[in-house]
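A, B, C, D, E and F are the chain letters, set down in written order, and residue numbers restart from 1 in every chain.
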Amino acid sequence: TALVMLMTPGLAFFYGGMVGRKNVLGILMQCFILLCVISVQWILYGYSLSFAPGKGFWGSLEWIGLKGVGFAPYKDYAATIPHQLFMMFQAMFAIITPALMIGAFAERMKFSAFMVFMVLWTTFVYDPVAHWVWGVGGWLKDLGALDFAGGTVVHINAGIAAFMAAIFIGKRKGAENKAILPHNLPFTILGTALLWFGWFGFNAGSSLGANELAVNAFVVTNTAAAAAGLTWAILDWIFHEKPTVLGTATGAVGGLVAITPAAGFVSAMSAIVIAIFASIFSYIAVTVVKPKFGYDDALDVFGVHCIGGIWGALATGLFASKAINPAGADGLFFGNPKLLLIQAIAVGVTIAYSFVVSLILYKIVDVLMRARVSEKDENLGLDLTQHHENAYTMIE
Amino acid sequence: TALVMLMTPGLAFFYGGMVGRKNVLGILMQCFILLCVISVQWILYGYSLSFAPGKGFWGSLEWIGLKGVGFAPYKDYAATIPHQLFMMFQAMFAIITPALMIGAFAERMKFSAFMVFMVLWTTFVYDPVAHWVWGVGGWLKDLGALDFAGGTVVHINAGIAAFMAAIFIGKRKGAENKAILPHNLPFTILGTALLWFGWFGFNAGSSLGANELAVNAFVVTNTAAAAAGLTWAILDWIFHEKPTVLGTATGAVGGLVAITPAAGFVSAMSAIVIAIFASIFSYIAVTVVKPKFGYDDALDVFGVHCIGGIWGALATGLFASKAINPAGADGLFFGNPKLLLIQAIAVGVTIAYSFVVSLILYKIVDVLMRARVSEKDENLGLDLTQHHENAYTMIE
Amino acid sequence: TALVMLMTPGLAFFYGGMVGRKNVLGILMQCFILLCVISVQWILYGYSLSFAPGKGFWGSLEWIGLKGVGFAPYKDYAATIPHQLFMMFQAMFAIITPALMIGAFAERMKFSAFMVFMVLWTTFVYDPVAHWVWGVGGWLKDLGALDFAGGTVVHINAGIAAFMAAIFIGKRKGAENKAILPHNLPFTILGTALLWFGWFGFNAGSSLGANELAVNAFVVTNTAAAAAGLTWAILDWIFHEKPTVLGTATGAVGGLVAITPAAGFVSAMSAIVIAIFASIFSYIAVTVVKPKFGYDDALDVFGVHCIGGIWGALATGLFASKAINPAGADGLFFGNPKLLLIQAIAVGVTIAYSFVVSLILYKIVDVLMRARVSEKDENLGLDLTQHHENAYTMIE
Amino acid sequence: MKLIIAIIKPERLDAVKKELYKAEVNLITVSEVLGHGRQMGVTEVYRGVKEMGNLLRKIRLEIAVNESYVEPTIDAILKGAQTGQIGDGKIFILDLAECIRIRTEERGGGAIG
Amino acid sequence: MKLIIAIIKPERLDAVKKELYKAEVNLITVSEVLGHGRQMGVTEVYRGVKEMGNLLRKIRLEIAVNESYVEPTIDAILKGAQTGQIGDGKIFILDLAECIRIRTEERGGGAIG
Amino acid sequence: MKLIIAIIKPERLDAVKKELYKAEVNLITVSEVLGHGRQMGVTEVYRGVKEMGNLLRKIRLEIAVNESYVEPTIDAILKGAQTGQIGDGKIFILDLAECIRIRTEERGGGAIG
């Protein structure tokens, strides 16, 4: 569980290294403050909204302030680990999800607007969706949708909301004529390493103790990241003469995303196939689709997380096998087309709901306080204008 | 346990990012060498001085060189884990404590003097205090003082000694007229993340295996860090227009400090309250008290660790509850004023003892070899003058 | 196990900080791509070649594609943990080993050549040697050679191959007249910290669950790193007036290397002795031998890993004690000269085999595609020429 | 021959380069500087300590040209760098006594381009 | 008009800036340079390899002023930067042929301030 | 007095310094710049977005010398920096109106060395 906590800082450096020198603190701060805010929101009411049993839109409110959430395992979620531990584990999911979005509106969102938007988003988008898919009484869960470690709830959910935000906040100044160069790629690699490391906790931990499942998740997670990273490197090699570090890291993250919903249901060999296609689809989304439609999804949250998440969720419908996880189901390639359909429904519902509600919330925030910083502030950078700090000293 | 080892490097980057570019290696080296020196000191005689049963000033010498410290659990300390593992776990505490002080005399202490001072300090201050509070036969322990994971032994102890050092070594050149700008805040955030991560091991590990306690410690640790970080951000927002990254990180660390002694005795809700006040008190100490009295506690070891530690120790006396930990005690708010008094005594004794003895040791070192570097060396920076290295290349 | 995964990124930053600013991505990419490629190679056929039972040169092919490698523990390797987990754990060894070599030919090897060489090397050098020493039916294993966590298989093996590569690829331009200054030493420290942290998993994990052994490995690993780091610092202090950060980090890594084969067989006190000599030998190799013979082992893979590995393997033959590990053997100092001999044989065989075969593979690659980049590309740096990227923005 | 030194806003660099190429001025040397001018800096705050950040990031261009190119170069810089807001920067022009191309050792106006 | 270039010790920058403001010289451009001079550098050691670190960090100031300001500026720099120890640095003064304010396009002395 | 500005390839810096010391030119100021010239840059690629990297790392030397040292200094730079390949860089020479040593306040030629 502790591992999962490292993912948010990991993400912070993954993103932070890719932005301009004048905006790196903006990224780090946004990730860091989410770690603070959502940790508190979660124990106050978020966990209850998401996981307290209830057939409705949200879970019930009986677990507010962790009331009744003790050490005794809550068998419907995890028979073997203390309820509070499960709660913490889920908290990390609730933190990383909004953090993923940061990449889309990077370098131009006002911090105050960011804070308000994120609290609203977690409450009105993340919590309900989490409830539907994972909560006792959640209707997608009852439908039989499989989401091992958050492909739908986390990645598609965040990815599509990010897509919305990128479109409506508009392009970065300077992004029109040229690429904004990553100011510190080693930080991006460091972040990737921490993400990869944390993801083991993310996926293996999602087996909630069941030993064999954890091992399988561990193996396929590593395999998928590796295969996807390699795939992207090769694609770069083919289309841009040289394999790039940023590309390899991006691919690896894409592979981790794609395997997330499938980690507990597929074999290592299937993982390789899933990973290869994950990279290919993301590669197309990032290098072909994005420029074509010209939205400025600054750090490709949509291209990597949404696309990867969708593919992963559907792939689960294709490659899932009872041989791996008896508690799971068989996918198309194992003679059960129905699962694929259910997965598709879950994906569709999440996309539709998340996009619409996120948009509404965004518009509210934008009207109330303008979501985007002024042009002058954008030129000076978020670090100085939003946080009154410089990331690095230039002369000493 | 391994997690705790990461705290020292975490601290190194937390501090290292805040100093000038020409002194970053000085910080990293001081942290790193302590990891080396104290690791050895600990198995040679430190552990024995601190934990070997004995009613005296120190523990007895029977465990010197780990003699008799085997794999069988030593039930008075930890009934379920191997004795050597407990020893290692404690080693990490003995390493991080002196390392905390580094922030106070940063950018101006001579390395040789630093080494001598630290070995003396660990032997004559840390080891005895640890014995009193945690050791079999330690009189504060017998008194019934509660210190779950080192609020008194680690943070107050280091914080007050750091305070002393900051005063007697004097202000940094250039600190008079202006602030010395942090040369690399992302490093500071990285350090904060590693500290936060390691602190889980620090606090959860202090339950020494008792499952429920570990979970509680884990939850309250995360909650306190989050709430305190958020609080500091808000304070900055109020008093300086914008929330700063450095402030948020500082607050989070302060929250971790304050929750340390309480982690095994309080609930998550109490943790939020403790954390909020921890940030407020530290904020006052750092932004009001320090400038007023004009001592140059370069990286606010006193303001964050000593103040946070004191508050945490007293807060334990207020919020501790048998409902959380039957082995513990009830605090004032649970109808037992006595505990608060005991805590206050433990705090007072530690402060008095640590301040006086640290001062004596410091003076001895100062007389023998001058503790502070020459003005010329200070201008050139510790990296070049104390270690003959440059942290970064300027032209290539 | 997850900890071990962090070692490769750790190594990447350890090395990456030491090279020039224009080559840091080259290092990071080489480490990162190995993480990807070998992860896949391992599950496809590497694991089978190394560990599938077989008396031959390689293991048999029956475990190709993890066929038959399930969750049930495979008692000949690890009676208590799932077979797939053991497989993953070994995968991390297979990844870090070639990664170690990167330091030797840093800043001048063509990426394409690197890829081909590494895949060949892992297949024809690592896999067989791993089989001989650890695999069921491996002849060195049957001989009774002790290699707890890879002193021979990992460090000597990689060290000597690196030595070969350094000689035959030739000196770096600019390395003749002057040292190439480390562009970011904090990264090197970060890498060292991650290595130290991961090494706990590396060594403690190698006990494969056996509790007491793990604790012992944990203690001696930490002790060795600390003592060796301290030793190097002192050596620098003596011979170069000041202790250097880079030196201390190098020493610590050297200590970790030396203790690797011994971790499960020696006591903490022996570990100190082993560590001290490890630093001394490496120090001589790096500061005396290397300049004397003038090969350009850029980041001292040979001096630190090969020398340290050899010393560690032999030291195991000296200090091993049944008192620590009944399953082990007694060393010379415990009245059993035979073990030392066996260790010497294992070392000799590995050196001879690895050097010769690595050389052949290197020559093949060199003939096919020139291993070294053009002078022009070397001047521009590997980042730009091999990966079309800049690690840092210079102006923004 | 003249040596033209221009201090501009970082975000204008691309525009200026474009204009210079249009004016067939292809050889330039660029560096990052900090400037203090009319334009006010942003206050920085570190743990409650206010720091009047009166230095702002600027880009410094160094361009050696022959007389005939002086005006076109100036116009190009003005076109690219001018936003009309405070902080746009300055252009300094110095007489260049001599210019040598290292590769060919040729001197004078011919070595400039 | 003159262009004044000063190389000073990093730790003197604040003092120099203060003096310059006193002398009503408010517009300056600053950058970080490495200097080799009389002042000896510090030897660096990396894994036993000695490196004669003969380059030291210095700060470079660039100030364009009108004739009347030349001496006051020099005095200010001397006041702020002088420690009397080797390494204090130098001041170089060049004739400035022309100066243009990008924002307003005005030229000559008026554009300097 | 003259102020000599040289733009050279980074990897030639050591050689140039060596030559300068041979010519008894011991006082220099060095900085890192980006240059755009004849030499083509390397294209960069970030997630498929091509970036014409037309700026290359160069080293900028600033050397103030007395007349008698001008030619020796130029020769030293040429010796050290010339590779004959495109991108070797340029040398610019400006008239230096005045030079002041901050430490001693002495002016003119004497202050240069």
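Structure notes:
Quick note on the criterion: a contact is a pair of C-beta atoms (placed from the backbone, for glycine too) under 8 Å apart; a residue touches a chain by one contact, two chains touch by 3 or more.
Computed from a predicted model, the values in this text were never measured in an experiment.
Between B-F and C-E, more C-beta contact pairs join the chains of C-E. Our note on geometry: chain B versus chain D, Cα centroid distance of 50 Å, whole angstroms. A straight line joining the Cα centres of chain A and chain D is 43 Å long. Each of the following residues of chain B touches two or more other chains: 22, 178, 181-182, 184, 190, 240, 242, 244, 246, 388-390, 394-396.
Residues of chain E in contact with two or more other chains: 30-32, 34, 44-46, 55, 57, 94-95. The touch graph of these protein chains is complete, with an edge between every pair of chains.
Here chain D touches chain F in the complex through residues 3, 17, 26-31, 62, 64, 94-103, 105, 111-112, going by the rule given at the top.
Only residues 9-11, 14, 32, 34, 42-46, 53, 55, 57 of chain F touch chain C when the two sit together in their complex.
In the complex of the two chains, the chain A residues touching chain F come out as 178-179, 181-182, 236, 239-240, 242, 244, 246-247, 250, 283, 286-287, 291, 300. Looking at the complex, you find that chain D touches chain C at residues 10, 13, 30-32, 57, 59.
Of all residues in chain C, only 3, 20-22, 181-186, 189-190, 192-193, 196-197, 200-201, 204, 211-212, 215-216, 218-219, 222-223, 225-227, 229-230, 233, 240-246, 248-249, 252, 268-269, 272 touch chain B in the complex they form.
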